[in-house]
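Presented below is the structure to which this report refers.
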Amino acid sequence: MSPETSPDDSTATRWTGADAPVDPVAERLRSPERVTALSDGVFAIVITILVLEIKVPAHLPTSSLREAFHELRPTLVAWIISFLITGMYWVAHRDIFARVRAVNRDLVWLNLLFLLTTALIPFAASVLGEYPDARIAIQLYGVVVTLTSLLRLALYAYVIRHPDLMVTQAPRHRTRQGFFLAALPIVLYLVAIGFAWVSTTASALLLFSVPVIYFLAVTFARDRGDATSEAEDFS
Amino acid sequence: MSPETSPDDSTATRWTGADAPVDPVAERLRSPERVTALSDGVFAIVITILVLEIKVPAHLPTSSLREAFHELRPTLVAWIISFLITGMYWVAHRDIFARVRAVNRDLVWLNLLFLLTTALIPFAASVLGEYPDARIAIQLYGVVVTLTSLLRLALYAYVIRHPDLMVTQAPRHRTRQGFFLAALPIVLYLVAIGFAWVSTTASALLLFSVPVIYFLAVTFARDRGDATSEAEDFS
Amino acid sequence: MSPETSPDDSTATRWTGADAPVDPVAERLRSPERVTALSDGVFAIVITILVLEIKVPAHLPTSSLREAFHELRPTLVAWIISFLITGMYWVAHRDIFARVRAVNRDLVWLNLLFLLTTALIPFAASVLGEYPDARIAIQLYGVVVTLTSLLRLALYAYVIRHPDLMVTQAPRHRTRQGFFLAALPIVLYLVAIGFAWVSTTASALLLFSVPVIYFLAVTFARDRGDATSEAEDFS
Amino acid sequence: MSPETSPDDSTATRWTGADAPVDPVAERLRSPERVTALSDGVFAIVITILVLEIKVPAHLPTSSLREAFHELRPTLVAWIISFLITGMYWVAHRDIFARVRAVNRDLVWLNLLFLLTTALIPFAASVLGEYPDARIAIQLYGVVVTLTSLLRLALYAYVIRHPDLMVTQAPRHRTRQGFFLAALPIVLYLVAIGFAWVSTTASALLLFSVPVIYFLAVTFARDRGDATSEAEDFS
């Protein structure tokens, strides 16, 4: 921040090496700083309030406390998986915005919509923790993470198609991998939603193995990358 | 932060190109950094805790879960609209502070009052989600967003009238547009509050279409701007 | 952050204009950046979760909704006052850390204790909103804000007495004013706690007028300052 | 942020003093900035929502309010201790990342796992505050803080073993101290978990004295350090 607030910036316009004068207000409006600050805040809250759903009833006799913990197990599992899934989105968001040099109105609002669906994850997780065997609870969870994945894909696609917003353009084979990695969870989530009509257990298992499958896919994509620092494109 | 904490800054005063010595403490007190950090934090929490209001009752038979979701619909709608309205305020806040080079005591406290009314939005949204047909719930919501809009207008007006706090002065036709865009939601919200005495449905519809109307108004204002980067003044 | 992560920093030591080599790790450990980031986060949460205490009971008949709002009035008042009191502490924290160039272990932990008492304000406010006429609720609130004020005084005193941690040393008459402004709320809160044995109403009124009295005291202190930028020392 | 978004960075590669061209995207992917921002956000929420567990029942007769406060004492103690323990982890995290110049995929995910266990502390604290005499509640708390300590040790070990991620390498005697300080709480927590089968009171006392023991151990380690700024390695 400080370089932007230094007295030097108070001059109305400033010439870069290029031909166009740079309007300092326009430059600050294009800065992704507050967009990532808001996003980090939302992610921090989402992964932390997930745990508020894990509650032990008050005033139980001590003897039945162990049983109460036992009943919390689906909630705890739903929470750990949701934490990992949300972490996955944060890592993807960080990877995308490492490419972003400037934001515009579309990107700001697309990001807000992405945060909107992300903020629904604790709600979906709490329903699933409460009703782990209900088809509708699994499908609700599936819909929420599918929507979040779709918006993550939209964010990625928007950035890739606007080279003027990027630090450097990504090499084409990287972009292909990026689209594949962003689309993979969507396919898996949709299959899981469909599976729920057949077997809720199978559906939940697939839903919850997405972070692992995704992690392996990223590892594979990185291994196929050339041995340069570019290979760190996806975390 | 780091440039400010570098040893170079430890010299008591430092001369800029201008004639006045710059007191480094005064410079840091005028920095908007922590004001925007606190604001981003509050906005992140507000848009995320809104969703804590969406709750499915525990221990329902699975068969009645679908019905429980059905009953959640007004809450869900109130939440999505409130998310968009709060997002609108965050975007406006970001636009305003892109102009701000320095803050003073008045601006710090005006910003805190703006955050105070913003923090009331989840409360108003939860009441509206619980009582979607009650006139008083709609009017409470209307009052909260009207107050927030008034403080956003006050923030904008204060900044525009203090050129010493700005990076660069805004061109006059931009300022006129800025005041119009800040005042528009206030008028719409007041009409919606009045409408509630006639028809709560019409009032709620108007209330909830404000983000759309505002978005179109911004688009229109941007299109009328000259084809320079200045056209990005309002997101 | 970026200047610290630039490759230039990877050299083990770096010579400043002074005689001592600067250890880059030590420099980063002394940076107040994450201390203020954590503090801004805590303040953002405290002022926002205060509002979670304002709740309208579910499933009321619409006719009794107005009455339910009426009953919320003490909670709403307790919330607005607590927001202003917490805002006051944030402003004071920002003023103190505008002087701070480097932190050490003592300052980091003193700041954590200050955040601990600040985090108790929503609890005290919710008790007071629920039991506005109970002497013990008023006194609990008084004790929490007194402790917070004491730690704010301790933070200020620690910084003032460690010139090596400061950007520039404060002039002596400013320091005197600073101690007076930090001590004033403590005296007022203690009087309010005592008053509670005589009249809970008088005690609550005094408690709640502290932000106003403090604001006037700061205004007076600023007016007495010389007409330089130094006059902005207290916001 | 701003130096990274300046037009100069838009050149595809940039040569440092070393022989390798620096890919600006890779450099931003390696920046620890957003990792510490997310961590500070999670820590701020964890230490603040801990206090949401402290609740006074509504609609009590004023006469029984004092008794209600009395019953809150175990919760209040569990909260203060948990605040100090969480603060201890934040301080340790800040110390570790003061050494970190660059992050990679492993470090990003290790940090997320550390945040996962940290986010469980409010849950464990609320159970312990509700059931202060139950062995299983004490042991649950012990397990959560042991896991958090193990991940903190893993973070430290990972950083120390990857000199390419560090600002400067730590001197060997410092590293030995660092491992000792990171391992000490684990041993103490495990002893406390074991003690719970003998005496819950002794177990709780040991659990709650860990911050004090740790604080003394850090003081001792610092005193043994050479009289340079290095001595500030552990806060």
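Per-chain residue numbering starts at 1, and chain names A, B, C and D are given in the order in which the chains are listed.
The criterion applied here is as follows: a contact is a pair of C-beta atoms (placed from the backbone, for glycine too) under 8 Å apart; a residue touches a chain by one contact, two chains touch by 3 or more.
Predicted model, so just to flag it, every value in this text is computed and none were measured.
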### Task
Call it same or different for subunit A and subunit B: same when shared residue numbers make up over half of all numbers used at their interface.
different
### Query
What is the Cα-based rotation angle between copies subunit B and subunit C, on a 0 to 180° scale and rounded to a multiple of 5?
90
### Query
Using C-alpha centroids, which chain lies at the maximum separation from subunit D?
B
## Note on the structure
Distance between the CA centroids of subunit A and subunit B (whole Å) is 24
### Mean-CA-position distance for subunit C and subunit A (Å)
33
### Summary
Touching two or more other chains in subunit C are residues 1, 3-4, 30-31, 37, 40-41, 44-45, 49, 52
### Message
Which residues of subunit C touch subunit D once you look at their complex with the stated criterion?
### Response
1-5, 7-10, 12-13, 23-26, 28-31, 34, 37-38, 40-42, 44-46, 49, 52, 104-105, 108-109, 112, 115-116, 119-120, 122-123, 126-127, 130-131, 133-134, 136-137, 140
### Query
Across the complex, what residues on subunit D touch subunit C?
1, 3-4, 16-18, 22, 27, 30-33, 36-37, 40-41, 43-45, 47-52, 54-56, 58, 60, 62, 65-66, 69, 80, 83-84, 87, 90-91, 94-95, 98-99, 101-102, 167-168, 170, 222, 228-230, 232-233, 235
